[in-house]
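Chain nomenclature is as follows: A, B, C and D, assigned in order of appearance, with residue numbering initiated at 1 for each chain independently.
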Amino acid sequence: MEIEIGKNRKAYWTFGLDEISLIPSEETIDIEDIDVSFRLGDFRFPIPVLASAMDGAVDVRICGVLGNLGGLAVLNLEGVQTRYEKPEEAIEQIITAPGERVLEVLKDVYKEPIKEELIEKRIREIKKEGVIAAASSTPLNAERFLPICLSAGLDIFVLQSTLTTVRHRSSKWHLDIRSFCKKSPIPIVIGNCVTYEGAMELMEAGASAVLVGVGPGAACTTRQVLGIGVPQVTAIADSAAARDDYYQRTGRYVPVIADGGMRRGGDIAKAIACGADAVMIGSPIASAEEAPGKGYHWGMASFHPLLPRGTRIYVGILGTLKEILLGEAKRDDGTMNLIGALKLSMSSCGAQNIKEMQNVRIAYAPAIPTEGKALQR
Amino acid sequence: MEIEIGKNRKAYWTFGLDEISLIPSEETIDIEDIDVSFRLGDFRFPIPVLASAMDGAVDVRICGVLGNLGGLAVLNLEGVQTRYEKPEEAIEQIITAPGERVLEVLKDVYKEPIKEELIEKRIREIKKEGVIAAASSTPLNAERFLPICLSAGLDIFVLQSTLTTVRHRSSKWHLDIRSFCKKSPIPIVIGNCVTYEGAMELMEAGASAVLVGVGPGAACTTRQVLGIGVPQVTAIADSAAARDDYYQRTGRYVPVIADGGMRRGGDIAKAIACGADAVMIGSPIASAEEAPGKGYHWGMASFHPLLPRGTRIYVGILGTLKEILLGEAKRDDGTMNLIGALKLSMSSCGAQNIKEMQNVRIAYAPAIPTEGKALQR
Amino acid sequence: MEIEIGKNRKAYWTFGLDEISLIPSEETIDIEDIDVSFRLGDFRFPIPVLASAMDGAVDVRICGVLGNLGGLAVLNLEGVQTRYEKPEEAIEQIITAPGERVLEVLKDVYKEPIKEELIEKRIREIKKEGVIAAASSTPLNAERFLPICLSAGLDIFVLQSTLTTVRHRSSKWHLDIRSFCKKSPIPIVIGNCVTYEGAMELMEAGASAVLVGVGPGAACTTRQVLGIGVPQVTAIADSAAARDDYYQRTGRYVPVIADGGMRRGGDIAKAIACGADAVMIGSPIASAEEAPGKGYHWGMASFHPLLPRGTRIYVGILGTLKEILLGEAKRDDGTMNLIGALKLSMSSCGAQNIKEMQNVRIAYAPAIPTEGKALQR
Amino acid sequence: MEIEIGKNRKAYWTFGLDEISLIPSEETIDIEDIDVSFRLGDFRFPIPVLASAMDGAVDVRICGVLGNLGGLAVLNLEGVQTRYEKPEEAIEQIITAPGERVLEVLKDVYKEPIKEELIEKRIREIKKEGVIAAASSTPLNAERFLPICLSAGLDIFVLQSTLTTVRHRSSKWHLDIRSFCKKSPIPIVIGNCVTYEGAMELMEAGASAVLVGVGPGAACTTRQVLGIGVPQVTAIADSAAARDDYYQRTGRYVPVIADGGMRRGGDIAKAIACGADAVMIGSPIASAEEAPGKGYHWGMASFHPLLPRGTRIYVGILGTLKEILLGEAKRDDGTMNLIGALKLSMSSCGAQNIKEMQNVRIAYAPAIPTEGKALQR
């Protein structure tokens, strides 16, 4: 929907998750009959949750725990896990740094070079946990890291940067995503993107799934620093439209994974209702007892040497990862038992599976956050 | 009204009570000529106020006091009143629990089983107060509780859950609402619902009144936890449209009771202007001297074992229930003399009775909450 | 402009002063060539400012000071000035009451009966100041007070209540405004109203000017308590449209006076740009050194026995009334030199007089309040 | 886009920088291939940044530093630099004044008359720094100052007031901008303006560039005090439309410089995306170690004797001007490395130069500021 913001200048009206709400259905479904499983390539995941490739959220242990719960954690191949033999020491430095020195400490910790042998080691460790192994790299290192990953037994490769596009206007080197995907024997998940065209081009280039979201995450200041971003409701709906059109045309179904900006069960339900097949979350994972960050969380652009645009935040420790995802909830604010909440939401909306949930009725309800909150203190 | 939130994806634009205001009329009415009475089945209530079936708000005493004031309190058949011989002890535990332990204590208190003899006892106690007796049950227990209620002399049965629908897709047992209503010799009030279709199906199934509202109450975090809900203005207007269409078609008038999100006289006036015949309120009742919660209030989903989505809030004690509903107001913020405010609002809007109030002019005024507030501290 | 808020239910989209901004012109005007004078009946006022008939703002002294500055203060005939020989003592009680007892003290102070001899005395005192004398009464007392006022030499009678309408549906007594105006030898200002039709009917009944505004003032909680009100931009524009249509039809020009919700020079400029001929202000007058309230201000519905809907607010003492209206400003937030600001605003908008100012371009700018404020602490 | 705010009254819907966001492109560009240079008359500036003619931000030293970094600082010819031989003493008085006395001290400091010999001296000092020299005057002094400036070697003259128009309705003297431009051998930058017509008339009168913005700056309270202003998105887009139409008609390209309301890299990127060729910033310059204000900043209307409408704000000292504009950023909130952020934003939006950046896709995203912020504390 276009809106005129000045003479000869239009803007595209976009929407955020806080502005919408899901409309209950006239036909409800028994919660035990609800299926939230999600497919990526030939893999099937009982719960549609990926853990963000962020150092406060994911290490080998989390990969094991989340994998056993039915989801998928993505290890960052460019974070502390592959720079340090003992990453817990680097993490300790970050989380104990006083507020005003965090940025400095982050820059310092991430100066240590990435070690190829550690990439291999970490992936083998994940596989030892008996779960599907996924790891992420930026386009710059992707061609170098992929063979190492394959030899270590990686199952899914995630090619991720703030914004990843097939086309790049430059005289210099640029990763050829199309041929990269073609060569890879394992599924390549690519992101992030936020538009119909952007998602479509990644699908056409061979992505096995796309990550959607620029700017919405809690540990990210991209919108302030760069002025760019698209709120998640519109970004997901547009990418989902690309997925559906691409599927119509080719018969290949490329899942859309909403990435960033979701902390509560309601956020996940809304993202799926907007068209997502699964979600990638950071803060909720980082708030698990088992998470490496011990209640702290920071973005992977936080330590960019010239233009840091993230921050270390304290998310606290809410419970075990199992409690956070599957309950029993010890809190009443929606931050625990995320999957239970998703299922109850689907039950209320009359959606038996993810596909049906993508078509439920949505309310544009900008008033929701204020109404009724007056007494909640 | 639809709004495009992304490619191929539309949302229904919904509105909350805080976003609207009522437009004064050119013809005012003497306040003493105003009639706010409300009919439910064969019962006539001088004031259009029901008290929510919540344990901090309603016990036998409140049923008596509110009944004598002209309204109707609904006793929760699944709360402390039917689990404990001496419910005041259970309530004492809840209201004295330190903030971080409230959820735990709530879960614990509500583990105690419901006793059928207490159901019978409480209803007889209410009838002894000489008032119309109403009590609520979830669909799960409705068929078991109704005969007990009838034998104890109950006048109105309330079938209530967060979202109650006629249709349920499940292989398991599901209450057949149509036959339940048919069998019942007393009126069945059913809720909650928030859509035209949802309200219509409940009316067609035999409801004597419908409760409207999912997510708007002060002690409720449904919107955060599940992502579902419809702001009250639109939920009420749509349900009222169903009531009017159903009445046109069948000649049976099924009142719409707005439930949740109303704390002040202005909120009640707005709810009726949107189409409600009466309101169900919790926080204002809980803030009466006579209320069992002694200034505390909590939702009936607060203690859900897997997915608690309410919270204990402190509403304070403002005065007697009579003062809160009929004045004299000792506060100037609209939380006392709710019926006096409703009448003065109707007087200003030129509405002599509830039916006329349902047709007054409404302003969409999102700016109202900020303007003029600058100096009010 | 209508907006659909639910099935079969529309609302009228209304706007507040904080949501708009004035668009500078391509032709500016020398500030010394600007005329802000305003006519009411046969009286001409050099500045378009009336002081609200509120006890913290207006007493005999303020009538003199404001009259000599070119404006018009309205004495409340139902306030402390006509209840007490020594009103300063009653005021002292109000302003020294501790916060939690204010309402009680207000109710108590205003229990004292109004004395007809004090009405006469106060009006004579105002006339002794050598200024145009104006005083206000509610419809209930108007017929009784007018003869007293006339014999004491009153120049302008203000008939004011929260909402004053010509038509009243009641079996009881109601003031016949049409014959009241007809009988009066002096101009009758009537208010408040907020709609096109409401203003039109008051004009047709014989009002010499109408007061516009229900709910927008700082010391008023009408919107919270009753749920009624129309934001000032729309209320003024609609009333101004009635004035213009009435003038077209009859040749009689009935000025529209915006009443309530204006504290800064920019607010006054905006009210006039929306169509007002003058403004009635309370808080800025109450913040003058000469004001009776010594920095405190309260509404005249604050002490309503059954339904108080105002509050005592502390506005502080900013300077002399001359400094507040004409400068020199000692503050940079727009609360001083209101007329200087109005003139500079008119200069920027290319408006030489009030009539031209009523036609300048307006921006709907809901974003204004946030932008640029980030650093203003 | 027009919106009806009342009967017969329309407003122009305007937008602020906080309400929009830039949509990433499907084709990205290597950051090193991006050109942000800007032309004004025959001068070419490597970075599109002008420093506001404000005394806390610009002195001779800043002119040198910014000029050497590729931008242009504008010295205020009516500020402390031309009133005092030793301006640092006057500045010291301002920044050490206690909060409640700031306005008084400002008025006092700026009572000292402007000295023509200091105008000449300062301009010669700037030229000695080896950079392009620019200085500003209000219309009142322009004809008197220009010859002095020329003889001292000034390169660019800035004719600036809150609102500068070609047409002025007055019997008194008014600067003839057309002939002033004609006579000047050096480029005349004129401002401020906010409308299509206003910008067009300045261009037709001979402006070499126009400054756009009334009311958006951090040290400015014009909107509160006068009620006038247009949010920057619409003001820039409309002025840019005038520039394009004027260029079509005449072949002369008059750059649009967005002035005010921009503190972060993202703000600058958005302003250019709305149509600006360059930006004029105050707060970011004032927060440089080299700035005269030592972390303080105040507007040039702050000391207006009758109607002060600015304020002294503390912006803090963030780093050297080079760090603020070109990095390395020591903060993650977007207030450092503004040009690095602009380039990365252009890279993401697929814009190789300013001209391409003026055409990137814009999102209307009023939800952006809230979403994702919940955890950022």
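A few remarks follow.
The rule is short, and it goes like this: a residue touches a chain if its C-beta (ideal position, glycine included) is under 8 Å from a C-beta of that chain, and two chains touch if they have at least 3 such contacts.
This structure is a prediction, so every number in the text was calculated from the model and none was measured.
Looking at the partners of chain A and chain B together, they share no chain. In this structure chain C contacts its sequence twin chain D using mostly different residue numbers, the overlap staying below half.
Chain B and chain D, compared by their mean Cα positions, are separated by 56 Å. The mean-CA centres of chain B and chain C are about 39 angstrom from one another, to the nearest whole unit.
Touching of two or more other chains is recorded for residues 13, 15, 234 of chain B. Contacting chain pairs in the structure are A-B, A-D, B-C, C-D. On the chain D side of its complex with chain A, the touching residues are 1, 13, 15, 20-30, 32-33, 196, 233-238, 240-242, 244, 264-270, 273-275, 327-334, 337, 340-341, 344-345, 348-350, 352, 361-365, 367-368, 370-377.
Of all the residues in chain D, the ones that touch chain C in their complex are 3-19, 103-104, 162-163, 165-172, 174, 193-195, 197-198, 201, 214-221, 223-232, 234, 260-261, 263, 283, 302, 305-311, 313, 315, 366, 369.
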